[in-house]
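Listed next: structures, encoded as structure tokens.
What follows is chain A paired twice: with chain B in the first complex and chain C in the second.
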Partner chain A sequence: MGRYILKRLAMLIPVILGVIFVVFFIMDLAPGSPVNQMVSENATEEEIQAIIDEYGFDDPLLVRYGRYIWDLLHGDLGRSYTTKQPVLELYLQKLGATAQLAISAILLAMIMSLPLGIYAAVKQNKWQDGACMVISLLGLSIPNFWLGLMLIILFALHLGWFPASGNRELISIVLPAFTEGTGLMAFLTRTTRSSMLETIRADYMVTARAKGVTRVASVMKHALKNALIPIVNASGMQLAYVMAGSVLTETVFAWPGVGRQLVIAITDRDIPVITGFLIMGATITALINLTVDIVYAYVDPRIKVQYATKKKAKKTPKAKEEKAA
Partner chain B sequence: MSKNMKATSAKPKKRSQFQETMRRLSKNRSAMLGLAIILVVILISVGASIFYDYDTQVIAQVGDRLVKPCWQHPFGTDELGRDIFTRVLYGARYSLSVSFVAVLVSLIIGVPLGAIAGFCGGVIENLIMRFNDILLALPSIFTAIAIVSALGKSTLNLMIAVGVCSICTFTQVTRSAVLTVRNNEYVEAARALGATNLHIIFQHILPNCLAPIIVQTTFRMGQAIISAASLSFLGLGIPLPAPEWGAMLSAGRNYLLGYSYMTMFPGLALLITVIAFNMVGDGLRDALDPKLKH
Partner chain C sequence: MSEIMKNDDIVLQVEDLRVEYHTDESLVKAVNGIDLTVRRNQTLGLVGETGAGKTTTALSIMNLIPDQVGVIAGGSITLEGKKTLEMSDEEMNHIRGKDVAMIFQDPMTALNPVTTVGDQIAEALRIHEGLDKKAAAEKAGKMLEVVGIPAERANEYPHQFSGGMKQRVVIAIGLSCNPHLLIADEPTTALDVTIQAQVLEIMQELKEKFQMSMIMITHDLGIVAEICDEVSVMYAGRIVEHGTLEDVFEHTKHPYTEGLFNSLPDINDRSRKLTPIPGLMPDPANLPQGCAFAPRCRYATEECTKAVPEKRWISDTHYVACSAYDDPAFHIERKVD
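Here is the complex of A and B:
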């Protein structure tokens, strides 16, 4: 197990390096020199040249990339062009609000999706199943920024139950969390349903019922426990995704998180902030995904066995097919 | 059982896979509804310029500002006095064309990459899939934002940004589909006949991998419409004053109190179109692969 974690961590390094390169490459495509954001309009040639020399804007892409990695290893993601604040510091400042939103959203999604998914699976092909699937289809299709606006109109402006924006009091998380949670709920409901459908038909369910376990107890104790692993896995992946920053929800609700700061940085063309935030977002996503995988392996003994035999199995094409399927 | 077998064997006409899929799809009511909605949206986006002339209907007719929905303006008018109904109709073509081109871009790049990765294996597969990991590591909205903010705001850049985000999905889907068919007998037979790798991939392997790719394409169309509208909402999409749904929502944000219709109708149009694509996607998945239908 320890070896697996180390191996996975080592595999993460090239991915992060790749992400940094891709982000660097994309940002390099931007027309115009970043100097224009940093100097006043009537700056002299010498002043401009001094800034170019200081930041090394004239160096080739690979040199700047190498320098960036070197700084990154020292915990330095550069400074914002506009506020001169260190990017890492700014990121950590904003991460709290994003984490708060992400965790509330995923909890809300799980609370909504578990009963829906279980109910849909139990009532498979009946109208109740159809209704649950319609709810999940709606959640999957609704653009969350529009949902956010509609919630603001109804619950903040007309009914006045919740504040429309910001993060001043505890209650202000309700609308953003619901907005962000709806999409996650839709996906989790589908995962729960299909996972439950698999376990509900298993032989041990028949055994349990034959032993006299009630229908509800058999579903909750026997089927759900076995169906939980893919559900937990899917929730973890979703959490990783929203932890990177929910740009749209944060923008709609003026939530002071990472996503909104990113949009502000884009408006200001503040390249170090954009680059740093994208890289941190990808890193956090990757780290959470890795944690989920490790927990997953820990919980499910079948996967642990797979790791032990992975080396041998990898050689045969059949194992590869199964893995892909 | 035997009755059924007799009945099918007695029938001289055999349905092709396409006909069989269409038969199953046509029995799926929600998929048919979705398809009908998509057709209507396509008709609107093509026909809008035939029935309405944007310049004379919207620009020249600019009248009273912020009129609530009424007989003359079914969806009301916006802050500049433009008729929202006509703008929503015109918005369909932006959403459809952007998502269509974006998905096409990701198909053209993603499918061959996935096919090569699955077919060749080894170093090539590793290279492609590690590159895919990098794209997957960046949340797709981040990638899209980065691309548009670097390349600048334009319709083409929006298409590229949304398209690049879906490449990794298609690479993954194609690769796993290719892995399941590449060891089949007909591939071996083709190789024994001396077919080149390229011929085998495009003539024998890809046609047998189409089902998951088609399903994914439909879902991605819906997703691309949302992504494009999201970017426009953030001010990174099609430049103003084009009647794009996301941009209309963004403009309506300043008039939420009292003028909620400004945000309601473009959003509804967006929602209905995306639902339609998702319904067809679900239906296609069930029709193409009944095994998946639980």
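Here is the complex of A and C:
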């Protein structure tokens, strides 16, 4: 297992290199230059040239790429062109708010989707199933930014129960988390339902009922436990997605998170911030995926065995070599 | 034998059981009025091809017919004096696993893959005997030993066991609360021949040890010969012949039973050609009007296609459902010496 985790961590390196290259390439193709954002309107040619020289904007793409990687190896993600703040520091500053939103949204989504999905599966093809699916379809089809605005109008402007934007008090989390959570809920409900549909028909369910296990207990204990793998997988994917920054929700609620900062950076053509945030996003996504894979092993003992056999499979060729020698 | 004693001796009485499956396309008549009687400490063999309605019958006794599509259309099931079909699901939960238990055909899928085998055995004990976690785990370990698996393997998961071992675990689950009746639904079909013998031996041994009655559902006449006291031969949801082991094996009456025997290879006469029964079992959604076996029966006459044949008692213990016996001179060709 430890070996497996190390291997997965090592696989992060090519992923990050790839992400950096793609970001560099795209930013290079995009029209305009960051210089315009960095100098005053009536800057002279010399001043502009000085900045170009200082940052090496004229260097070939590969040279800039190499320089960036070199800095990255030293733990330096560069500084923002506009605020001169180190990118990593800026990212960590914004990560807290995003994590807070992401975790509340995913928890809210799970609390809603697990009962809905299980209930829909148990009542398959009956009206209750239809009702659950309509709710989840609504969650999927209502755009986040629209739902966010509607919630602000109703709960912030008219009722005044929650603040409309920002993250100054604990209660501020409610509207953004609900907005983000409904979208996630829709997908999770569908995953839960289809996964449960498979397991409630399994032979071991009849075995359980034949033992005298009640209908409810057989669903909650036997079927759900077996249905968890796809649910854990979907939740992990959703969490990774929100952790990378839920741009729309964060923007609508002026939530001081990663997504909103990224939008600001893109408008400013603040390339170090964009690149740094995307790298961190990719890293966090990969780490969440890895965590999900580790959780699998605890949910399903058969997967744990697979990790073990992978190790053994590696040992065999070695053993053969030794024999040959 | 007086009538009262006879009744006292009966563990399970199934009368005129009818089970249907309603689907969007069709009405499948899986079980069409069968009678079964299981006596104390006896084993009844329920024999027939795939699709004859054997498993449906077993699930009806457990009252576990899939409830979205399956409907028990009629009849009654009396388990030790209790009419189980009239009981609520809640009441049945106290009977399933305790008074009547079931062993399933495919041990590969019958066990929950994400729960240890010990917990799966202990679950029944906790429900019916009210044992706490520790006591249940202890007894589960003992049950594993009863079926020949070391108790310390209780913490392992089903995928760590071979097929035969899994079936032993399924048996241990079934026997954990000492049921009076055990329904074994083709318990050896999914296993290798050598393992089949082991599993059968264990079941036979435990049946005596725990003083159980048993219904052995199978299509294997060899298993029937080995462990059954009485045999019911099932075809298209009806019992076509019933009797003691001797009645059915030595004095075979029904052409279908004869066909089953003729499909068996004979080691003493290898020159004899196997004579399989021609054709296939009729579609249970579209049963013929008369005897369901008539289209495949070599003795069939026009009479056979008109009405479903009634039971005809040959002796106190033996009956056959075949209208050919209207003719006193009729006999099937199979001779047993």
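The rule is simple: the second predicted complex is superposed on the first by the 300 of 325 C-alpha atoms of A that agree within 3 Å, B and C clash if a C-alpha of one lies under 4 Å from a C-alpha of the other, contacts with A are read in each partner's own complex, and residues count from 1 in each chain.
The definition used in the following text is that contacts are C-beta pairs under 8 Å (C-beta built on N, C-alpha and C of every residue); 3 or more make two chains touch, one makes a residue touch a chain.
These figures come from a predicted structure and were not determined experimentally.
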On chain A, do chain B and chain C fit together or clash when superposed? fit
What is the contact status of A:Ala99 with respect to chain B (first) and chain C (second): first, second, both, or neither? neither
Per the contact definition in the header, classify A:Leu72: touching chain B only (first), chain C only (second), both, or neither. neither
Which partner, chain B or chain C, touches the larger number of chain A residues? B
With the two structures laid over each other on chain A, which partner does A:Thr207 touch: chain B (first), chain C (second), both, or neither? second
Figure out whether A:His222 sits in contact with chain B (first) or chain C (second), or with both, or with neither. second
Given the touch rule stated above, what does A:Val299 touch, chain B (first), chain C (second), both, or neither? second
Now for A:Ile153: first (chain B), second (chain C), both, or neither, which partner does it touch? first
Nearest approach of chain B to chain C by C-alpha atoms in the superposition, in Å, rounded to an integer. 5
Shared chain A surface residues [contacts with chain B and with chain C]: 124
What residues on chain B touch chain A, complex-wise? 118, 121, 130-131, 133-135, 137-139, 141-142, 145-147, 149-152, 175-176, 179-180, 183, 222, 226, 229-230, 233-236, 246, 249, 252-253, 256-257, 260, 263-264, 267, 270-271, 274-275, 278-279, 282, 294
Chain C residues within the chain A interface of the complex: 59, 62, 64, 68, 89-90, 93-98, 101-102, 104, 106, 109-115, 120, 123-124, 127-128, 157, 159-160, 170, 173-174
Would you tell me which residues of chain A are touching chain B in their complex? 14-16, 18-19, 22-23, 26-31, 124, 137-138, 140-143, 145-146, 149-150, 152-153, 157, 164, 193-194, 197-198, 241, 244-245, 247-248, 251-252, 262-263, 266-267, 269, 274, 278, 281-282, 285-286, 317, 320-321, 324-325
Residue set of chain A touching chain C in the complex reads 124-125, 202-204, 206-215, 222, 225-226, 299-302, 305
